[in-house]
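The chains carry the letters A, B, C, D and E, assigned in the order they are written, with residues numbered from 1 in each.
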Amino acid sequence: MAKLPGATHVSSRFYRIALVASLLVSLVLPFVVPVYYVQFLSKAMLMGILALALNLVVGYGGLVSLCHAAFFGLAGYVLALTSPASGGASIFITLPLAMIVVAAVAAVIGALSLRTRGIYFIMATLAFGEMLFYLFHDTKIGGGSDGIYIYYEPEAVIAGFRLVDLGNKTHFYFVSLGALFLTLLFLKGLVGSPFGHALAAARDNERRALSLGFPVFGLRLAAFVISAVIAAVAGYLSAAQFGFVAPQMLGWHLSATVLVMVVLGGLSSLVGPLVGAIALMGLEEVLKSLFDNWKLVKGLIIIALVFLLPGGLQQLGALVMPERGEAPDTTGEAVEEKAHG
Amino acid sequence: MAEILLRAEGLHRRFGGLMAVGGVSLDVHRGEVHAVIGPNGAGKSTLINLLSGDIPVSSGRVTLGDRDVTTLPPNRRAMAGIGRSYQKTTIFQTSTVHENVRLAAQAHSGHALRLFGHVVNDHAVNEAAEAAIAEVGLSTRSGTIARFMSHGEQRQLEIAMVLATRPRVILLDEPLAGMGQAEAQRMIALIARLKEARAVLLVEHDMDAVFALADRLTVMADGEVIASGTPTEVRSHPAVRAAYLGDHGEVA
Amino acid sequence: MSKSDLIIRPDRRRFLLGASGLVAGASAFRFPTPAIAQGAPLKVGLMLPYSGTFGRLGQFIDNGFRLYAEQQGGKLGGRAIEFVQIDDESKPESATDNMNRLVGRDKVDIVVGTVHSGVAMAMVKVARDTNTMLVIPNAGVNEATGPLCAPHIFRTSFSNWQVCQPMGKVMFDAGHKNVATITWRYAAGQQMVDAFKEGFTAAGGKVVEDLAVPFPEVEFQALITRIATLKPDAVFAFFAGGGAVKFVRDYAAAGLSKSIPLYGAGFLTDGTLQAQGDAAEGIKTTLHYADNLDGATNKTFSEAFLKKTGKEGDIYAVQGYDAAALLDIGLKAVKGDFTARAPMVAAMRAAKIDSPRGPVSFNKGNNPVQDIYLREVRKGQNVKIGVAGKAVDDPARGCRA
Amino acid sequence: MTPLLVIENLRSFYGVSQALHGVGLSVGRGEQIALIGRNGMGKTTLLRSIMGLIHDRRGEIRFDGASTIDRQPEDIARAGIAYVPEGRGVFGSLDVVENLVMAARPGRDGHSNWTLERVFEVFPRLHQRRGHGGLQLSGGEQQMLSIGRALMTNPDLILLDEATEGLAPLIAQEIWAMLDIIRAEGIATIVVDKDHRSLARVADRMVVMAKGEIAFDGTPAALRAEPGILERHLGI
Amino acid sequence: MNAATFAVQLLNGVQYGLVLFLVASGLSLVFGILGVINLAHGAFYMLGAYLAYWLSAYTGNFLVALIGGTAIAFVIGLVLEEVFVKRMIGRDHLAQVLLSFGFILVIDESRQILFGKDVHSVPPPDWLKGSIQLTELLSYPIYRLALCVFCLIVAAIIFFVIQKTRLGMIIRAGAENRDMTRALGISFDRLNRYVFAGGIALAALGGILVAPVSTVFPGMGDGMLILSFVVVVLGGIGSVAGAAIGALLIGLTDTFGKVFFPQVSSILIYVLMAGILLWRPNGLLGKQGH
């Protein structure tokens, strides 16, 4: 059982210093590293947004969803399908459109999946995610298994004035950074809000949350949809970054990888998934250049993570620096027995 | 006669072929503790779950004041004014006492699901929470993480959470189970205070507590009511003696 | 959610061990430094499928390309070359990443690739964005030399349209009025079938049904049964690699090859005959190559290829070979000065290659203009039995170059 | 001769809630113990603790001289204890024969006094309904099946919770008769039931539980001599 | 469509459903007994197909591949259970999802190191080559018929083991009431190991059997995994009979979907699943309520 939001493990002063430092670094970085790495960092930040979105459902909602890649990819397809053949689509029309489409789809998938529990929920989300995958993979809607190209990146033009050029790698970097920052801000507000607390309460004890008067199903559905919409922003930008969407963007392998990011970073903190995303992306980049069979190493690392660091990198942080308050309980509650004698 | 706050009429609940509750009717008045007792498997817990909405009824009617709440899900019944405790303590183990109760108060604050504004800064909710904590006598423990408290304190906390939802009717499912003597005495005193201006329905095995607290008693066996009335009436009821002592009309 | 008490709590020692391992790993990883030095070898990025469904095809292209370079003393246009190889696994979803890695991180000068059309599209896109020279040695996706054409993007293979359109007339003339098509539901399959239909309906034929399975699925049984229900005069099919083997064998196993003749794009029987065995006998296909072409160039090429690799050359090897030949022509024209892009491109556009397949020139979309042969499988060989189209030129629809 | 089962200062917990507050009890070989007391007083918890089904249990339990306090339910079962739980625990997806066969095991000393045939001999009704699923049986038949299943493990001690709960009086009589057969076999039992009169007829000792402790432990005669105890701990 | 081709399509659907049943029943049993969610199930299906390719190429005997491949998978299952999965029981589903995702990557890459990434076809045994004339036009490959028969035999064996043997009784009892089963002296340590290994072996067996009618390729496990999950969602966790019904439903839906609604055929299965989830959230034969 994770803590209700509000309790932080790491001291808030360190937290603030780290935040300012990483913000500064992220502002300077695109001007000092090669373009390839600027692109890489943009990509990592978009994955970070996706991981943050997923954590709203997994970490705060206690629902292991395996279909978030589908929302991510669906938003990309919305951009691809609404992009005119001879110019860029307007980001101010297509981004909201992508968010609305994903919200609608997530509402349907969520309403069906949330009728189930535990393993069934995982399987149901997995299957619905794959349904969207096959929708694009097996039909002509979006170019089938080859995916579909966006020949002109979306335009951010207001009254004839171009705000940013999404084709420019540095501009794109700052757009991603901005989106990431807004996501963090939004989620920080959300998890501290009455809604966030109610959501966490439903995760920790559904029965109690219900008997206190919280509409648990509605809460979860709302969180599921909000999370899907954030995933849609990440997916939209991802599609814009490389001008290409493929069905694999919706596939469950990506969902699982993002889940690894979330767990790697730590479920019970807001920025954890972001750290996890950047760490995993970086690790993959290193592994790719070191080993031919880098996925083997990745697999072994994931297995090790499950057994050695179930609390994620946060647990490492706890080893390096002293903590405030009681030690986090990683062993969980004692197994609860049924029926009194 | 005091106002009837909660009324059950002809409640039935079947699980497959088993009739767990078969035609139970009872009412709970404002300002009284109405205890439900009976041997294991009599259907007491199922009855509470039917009243709180955790389990839907097969047939019958539940009214809260003038309002028919039979088809409402548990969260809507909670909002309507039915609070309950569980046989197994049901609190948020890793949160503090204050956080636990604040959550309960939040549910009934009118903006239970607002997406913005930090809950810590909601003074009305915080005050309501502290008032409930004070009512059960846990004020000094407000900042303690629930899981580090004793069983008795956890049960007090659970009742504070129920109180913070401002219930008119409180359903208590074996509040004394698993408690030591001293803890039990504290809890009995607390329950005695709860009934002021509220209606309390109590399921409990500890007969000392039942007779100390109950204004009226309903005795169930095999899913049905076998006797109902004041403690003295019930105590001498032959069917009750048979159920408990195995007497079949004869004197022990 | 309950966690068991079996979770191992990490301790400091284990953490330090792990951390030191990570540091060691990271130190082995460096930013690659671009080779700027004058006279440095020309960096050629080979982005091909070295594994998966098209693994064999990629290997043959690679060998063909290297064979030509070796024949020039390891140089192209007098300039020494260096290869950077990347396995695209025929996965479109990682194509952009792979191409970016080649162009952005490894700083290659020229990219050669690939087989899979979807992957090729990603490569075309990045090549256009980064103004990188790209030579496509197989993928026939029409757009690459159509709407997405660019001066620095060449193809030494074929367009999907080019290979299949001539088949329409061939089949109609053979007396097949009602035909069913079957392919993978992906861009290449779609374009091949569309091109065939263009030619076939123009000649007066009627397509009774288009059947498709998702790529790279190979469970054809339901669709083969469907064909038996439809009873068309003939079937036009496009599959390649493992899928082609499987389809031809299933088609024969279902007994249909006796009653409903099978036609297809050449890939249906190219590089797959050994695995298809008797099941492929009698299948007629169109392609820009055949096993028994009698030109002298083909003869010398085949001998050299056999000598180098121990394997019989095929169309994929030829396409790789010609990719190197085309680059050789371009670089020779600028004396190895790769930066002189305009004259180099002009020379390549004007190139007349004496390819093992026959004469090849290039159209405005940089797609080869070439003969399309009609072949039939006889005794395990794709034997040329005629010319389906002479000097077939892809219309390069949408190309504004 | 050492007692078969010795329990000392047993404390059992459900999370932070303590259900047993230091129970001491010993059971001799072949002895029949009646365990009585109102609901919620810890009878079932005591049986489940002996069986190893309560995870958090402290103190000491020795069976046949060996400590079982840290052992798993399956090990305890194999040491020679069988359990007939409240509600019978019959497997609904298995038929009568399967319920019996899946549990069959020779006793610890290798004896196999109880076989399918023997159980059917003792409970002819089960034989009649041998092909029926566990949940198609009446309550009494389920109880017979559960007891029969326990016997199939050839145990030295049977824990029988709520022996006749919800059964028609005639069926209850059969269960009591069964207890006599079990005793004749030399198998010890701890029986929980509300019918203290019938228990007093078959049991060697009466043990009364109240609030997680033993309130009385003595012969049926001794209990009869102190009627206040019954009224206090069983009545209302 | 005439009656004969309808019958052939029916046969196609049933054959597909039978293979699906083999794979999915393994997945369902592992859920039912261990309570562990195994995403790597599809990877073992793929591994089975590669083992079939490797062993039949090496020995030239498909029967050896059939038996050897299943045995190898069983042993791998035993080892994995002992080393990793045992520690997963009672852990939350998230940890199980991650562990099995890790397995997938390791299995995929190990397969690549051992057998490469190439696509292979496996010849059916000589005595099962050839076709039977079914209709005037159409003949049916003997191997496919044999596959149906073999799958039916394996299904019969599974049902026999589950319904008639003591092991099967214990498995059913364990899925129904774990505590009571333990209290009867049955150790779950061993049961878990054999059920897990058996589940893995069934997945591999499915892959081996399919190898001669399909091609062997790296990504083949993914589709099978998802379909197995859908089967389990449809049929209900832990229910072998449910898996049988679910698998046949999907086999027929898929086959006839391809024939009648080719454009949306791959979506139909999920529409079916959504409908059943709405109607019975815990599957057709799953325990309803919680």
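Going forward, contacts are C-beta pairs under 8 Å (C-beta built on N, C-alpha and C of every residue); 3 or more make two chains touch, one makes a residue touch a chain.
Predicted model only: the values in this text are computed from it and were never measured.
Visitor: Any chains in contact with both chain C and chain E?
Guide: Output, common partners of chain C and chain E: A.
Visitor: If you average the Cα atoms per chain, which one ends up farthest from chain B?
Guide: Relative to chain B, the chain whose C-alpha centre sits farthest away is C.
Visitor: Where are there more C-beta contacts: D-E or A-E?
Guide: If we tally the C-beta pairs in contact for D-E and A-E, the bigger total goes to A-E.
Visitor: How big is the gap, in whole Å, between where the Cα atoms of chain A centre and where those of chain C centre?
Guide: Result: the chain centres lie 36 Å from each other.
Visitor: At what distance in angstrom does the C-alpha mean of chain D lie from that of chain A?
Guide: 54
Visitor: Taking the mean of the C-alpha atoms as each chain's centre, how many Å separate chain B from chain E?
Guide: Computed from C-alpha means, the inter-chain centre distance equals 49 Å.
Visitor: At what distance in angstrom does the C-alpha mean of chain D lie from that of chain B?
Guide: Each chain reduced to its C-alpha mean, chain B and chain D end up 33 Å apart.
Visitor: Listing for chain A: what residues touch at least two other chains?
Guide: As it turns out, chain A has residues touching two or more other chains at 1, 134, 137-140, 307, 310, 333, 335-336, 340.
Visitor: Two or more other chains touching the same residue: where does that happen in chain E?
Guide: 87, 90, 93, 95, 112, 266
Visitor: Check each residue of chain D and list the ones that touch at least two other chains.
Guide: In chain D, residues 14-15, 19, 40-41, 53 touch at least two other chains, as defined above.
Visitor: Could you please specify the touching residues of chain C with respect to chain E in the complex?
Guide: Going through chain C, the ones touching chain E are 1-4, 6-7, 51-53, 55-56, 89, 211-214, 216-219, 221-223, 225-226, 228-229, 231, 241-243, 245-246, 249-250, 253-256, 259-260, 275.
Visitor: Can you check the complex and tell me which residues of chain E touch chain A?
Guide: Against chain A, the touching part of chain E is residues 31, 35, 37, 39, 84, 87, 90, 93-95, 97-99, 101-106, 108-110, 112-113, 222, 226, 229-230, 232-233, 237, 263-267, 270, 273-274, 277-278, 281-283, 290.
Visitor: For chain E, which residues count as touching chain D in their complex?
Guide: On the chain E side, the touching residues are 166, 169-170, 172-173, 175-177, 179-180, 182-188.
Visitor: Taking the touch rule as given, give the residues of chain A at its contact with chain C in the complex, in rising order.
Guide: So the residues of chain A in touch with chain C come to 1, 34-37, 39, 62, 134, 137-140, 143-147, 149, 151, 167, 203, 242-244, 246-249, 286, 289-290, 307-310, 315-316, 319-320, 330-333, 335-336.
Visitor: Which bits of chain D are touching chain B when the two form their complex?
Guide: Per the touch definition, chain D meets chain B at residues 14-19, 21, 38-41, 86, 162, 165-166, 194-197, 211, 227, 230-231, 234-236.
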